[in-house]
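Chain nomenclature is as follows: A, B, C and D, assigned in order of appearance, with residue numbering initiated at 1 for each chain independently.
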Amino acid sequence: MNVKLSRNELIAKRVAEELEGRLIVNLGIGIPTLVPQYLDNPEVFLHTENGMLGIDDVEEDNIDPNIVNAGKLPIAETKNSSYFNSAESFAMIRGGHVDVAVLGALQVDETGKIANWAIPGKNIIGVGGAMDLLVGAKKIVVAMTHLTKKNQIKIKKQCEFPLTSTRPVDMIVTDYAVFRVKNEELYLTELMPGVTLEEVKENTEANFTVQLKGEEVY
Amino acid sequence: MSKIIKDVNQLLREQLTDGQTILVGGFGLIGAPLTLIEELSNIDVSDLSIVSNNLGEKGKGLGKVLNQGKISKGIGSYFTSNPDVGERYQKGEIELQLLPQGTLSESIRAGGAGIGGYFTKTSVGTDLAKGKDIRVIYGEEYVFEPAIKGDVAFIKAYKADQAGNLVYYKTARNFNPLMATAAKYVIAEVEHIVEDGELDPEEIVTPHLFVDAIVQSRYILTKEGVVPVEREIV
Amino acid sequence: MNVKLSRNELIAKRVAEELEGRLIVNLGIGIPTLVPQYLDNPEVFLHTENGMLGIDDVEEDNIDPNIVNAGKLPIAETKNSSYFNSAESFAMIRGGHVDVAVLGALQVDETGKIANWAIPGKNIIGVGGAMDLLVGAKKIVVAMTHLTKKNQIKIKKQCEFPLTSTRPVDMIVTDYAVFRVKNEELYLTELMPGVTLEEVKENTEANFTVQLKGEEVY
Amino acid sequence: MSKIIKDVNQLLREQLTDGQTILVGGFGLIGAPLTLIEELSNIDVSDLSIVSNNLGEKGKGLGKVLNQGKISKGIGSYFTSNPDVGERYQKGEIELQLLPQGTLSESIRAGGAGIGGYFTKTSVGTDLAKGKDIRVIYGEEYVFEPAIKGDVAFIKAYKADQAGNLVYYKTARNFNPLMATAAKYVIAEVEHIVEDGELDPEEIVTPHLFVDAIVQSRYILTKEGVVPVEREIV
């Protein structure tokens, strides 16, 4: 099977490749929910902040409306799943017991800080677990399209949208490229298939250091 | 004296008064006390403050009560799930207190645990920490959050025994065990009422000392949405 | 059967009579542990701070070393018992979910405040759950002998021993008398069998108002 | 990579270093990780801070380790259970931090939950609140207590599955589930190791993400006291 992946699938697949070793992983809504289909690491255990550890895809016939993820999509138990209340779930997140959070973002600034919960001018009436994940997960991976649907730049010098946290993320995976964040600076470390460095530069406002494979400088 | 109450309407009329703070369990409709919410829509009460992750969905669950104009304040983390909330907020018809979901749940736990308030790193440096106290502990910045308590809690559990011990079902657990600890009067809506001794002491999630009244669920969330059920009380 | 009760048993019996209606009760070590044998109220549920609600006496043959109360004495489950961790147990106590705590005391002052955890001059190395119960339980009943083993007065104007809490208790049951505490004042409301008012006065340093039955003034 | 470790002595030699803070579960000997404590007495390590409700009993459990002079600080609520603690304290051989039991347990929970500290009414106005910050919240005085965390936790559970999910036994639960959340490296000593799927997801008390290593209990508390048991690891 050699199906051409959509932009979102391409991003999800690249994130899945990053999840090596025994890991507790929390997936945000949107592109992150596509990650599991590319995972073949049995030591990745998925955590959902509404109170469950150990998540599998569910077959249509087996849907139970009371087993859902944070996006309220139906999921299934695995052999070593457990359930817990919301305070315990966020205790896990804030307490540093989740290894990786994969999150969507509206904007990223050039220090690696993200905005993913509110848009100025609209009602700011929802935040959910975004801020908790940002301060608590050991590693944060952003999975997002490089540009908005209207082709606006999302990786900016500064976010116009309110920040989710003062903590920079660790990695940004888009349909154009992969960036790593070190000491509040962005490093372009990979280009996605068919994308040129020039295209990344044209569509990114933030400063970044190019550090593609074979160009390691630190 | 049994905690099992058959006349839910009368129970709510006895326990609810204008201006109260009500804790309502559930993550959207999952684990929401749908029967109690439905009965709330039949009761003449106003100016309620509702502590709940969401205010239901459009016209459903707490969304129905919202549209009756009974809710003057919402304390939650994700009101986005019901567009009617944003609309009322815009018109100044409802006050909203938005908290990160971890802070919402932790504050309710604190309320039930006799903790006055606590320090969390969540939201430090963001718009949601504006005006809140910051304290440096072991070199890191934390924001102060006060405990949340309610006058009444509406919670949803799976089973109750006669004493009022509760167990939950899957991810319908969510905020319910926390809210069961944090209100003066706690009403648990359950799908099954069993005899004492049928619940394993090791698996009881909410010990009976937290529960004041038990009512039988008459509305259940299924794949097809919320449906009424008829079941006899034991 | 008309066995003469010991002083401690007399105190425990009087405390048991006080426990009416549906109640969650926590019993401290010492005299309070004798209370259950005089209880015939099926709506009293015993809570122990090491993590159990619903406690019964245990038969010698059924002793399980892993089912104990806060005094590390073996106990038994009842039909609606539950277990929980220490933080949850003290959340119940501090959070106001325990109706009555029956506690021993070393001294009581004339405002009803007690000292029951430390003796000056000795190492102060143990407090356990005493302070939590004092601030959290809805009603505090002290169950203690009126005098020390050396016949020293325990109900004093002021405690010489460090206070357990700034919160006054609600009731004091001794082998001499019963006192109620209202607005930080002591009221003698009952004399124990065979004890005269004179004897109570002689053996009590704290001021108190006499309000024996038939003498209700408030 | 299995979490089940057979060579406990080697595990402790790898994980422990002088000066660490170790959280040790149990209420006296009930629910204490007796095998890990016994092995601690065979390890060359010193200047330990031990967070535990008690420091064992005289010569038993942590009492044995205490008498070896390995413990320089105790953080607990009831050291009275071991007279040797008082003696060493008198001689200035050990530092003690005495906390109300509810504060001890809440501080450990806070440590595991990413809470920097919290306000409790417990101890306000007493000698144990001396020098601590007081804050008035909704008109009542509370004392500030910082979170407690450890480098290593020794906990005792009843059963573990292969992934490391834990369930406990009766009142042997006590501090163990809290301590399992609050250390960088968590070692769970268990009586039974079962296959994944044998524990009910609803009754798991400690989800596996908290547990780093599992060892088989070789010492068990019985009516006759602590006895060695020989059991094969699954």
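Everything below uses one rule, namely that contacts are C-beta pairs under 8 Å (C-beta built on N, C-alpha and C of every residue); 3 or more make two chains touch, one makes a residue touch a chain.
Just so it is clear, the structure is predicted and the values come from calculations on it, not from any experiment.
Participant: More C-beta pairs touching across which pair, C-D or B-C?
Facilitator: Looking at contacts between chains, C-D has the larger number.
Participant: Between chain C and chain D, what is the gap in Å from one C-alpha centre to the other?
Facilitator: 30
Participant: Could you state the distance in Å from the CA-based centre of chain B to that of chain D?
Facilitator: Measuring from centre to centre gives 33 Å for this pair.
Participant: When the centre of a chain is set as the mean of its C-alpha atoms, what distance in Å lies between chain A and chain C?
Facilitator: Here chain A and chain C have centroids separated by 56 Å.
Participant: Approximately how many whole Å separate the CA-defined centres of chain B and chain C?
Facilitator: Result: the chain centres lie 35 Å from each other.
Participant: Two or more other chains in contact with one residue: find those residues in chain A.
Facilitator: In chain A, residues 83-84, 87, 90-91, 93-94, 135-136 touch at least two other chains, as defined above.
Participant: If you look at chain B, which of its residues touch at least two other chains?
Facilitator: Residues 106, 109, 113-115, 120-122, 168-170, 202 of chain B touch two or more partner chains.
Participant: If each chain is a node and each touching pair an edge, is that a line, ring, star, complete or other?
Facilitator: Contact map by chain: other.
Participant: Pairwise, which chains touch?
Facilitator: Every touching chain pair, ordered by label, is A-B, A-D, B-C, B-D, C-D.
Participant: Show which residues of chain A lie in contact with chain B when the two form their complex.
Facilitator: Touch residues, chain A against chain B: 48-52, 63-68, 72, 83-87, 89-91, 93-94, 118, 123-132, 135-136, 162-166.
Participant: For chain B, which residues count as touching chain A in their complex?
Facilitator: 27-28, 30-31, 53, 77-81, 85-86, 89-90, 96, 98-106, 108-109, 120-128, 168-178, 205, 221-223
Participant: Considering only the defined contacts, which chain D positions touch chain B in the complex?
Facilitator: Touching chain B from chain D are residues 106, 110, 113-122, 135, 137-138, 140, 142, 146-147, 167-170, 200, 202-203.
Participant: Please give the residue numbers of chain A that touch chain D in the complex, ascending.
Facilitator: Those residues of chain A that touch chain D are 22, 24, 43, 45, 47, 53-54, 77, 79-84, 87, 90-98, 135-136.
Participant: Show me the residue ranges of chain B that touch chain C in the complex, using the header's touch definition.
Facilitator: 1, 109, 111-115, 161-163, 165, 181-182, 196-197, 199, 201-202, 204, 207-210
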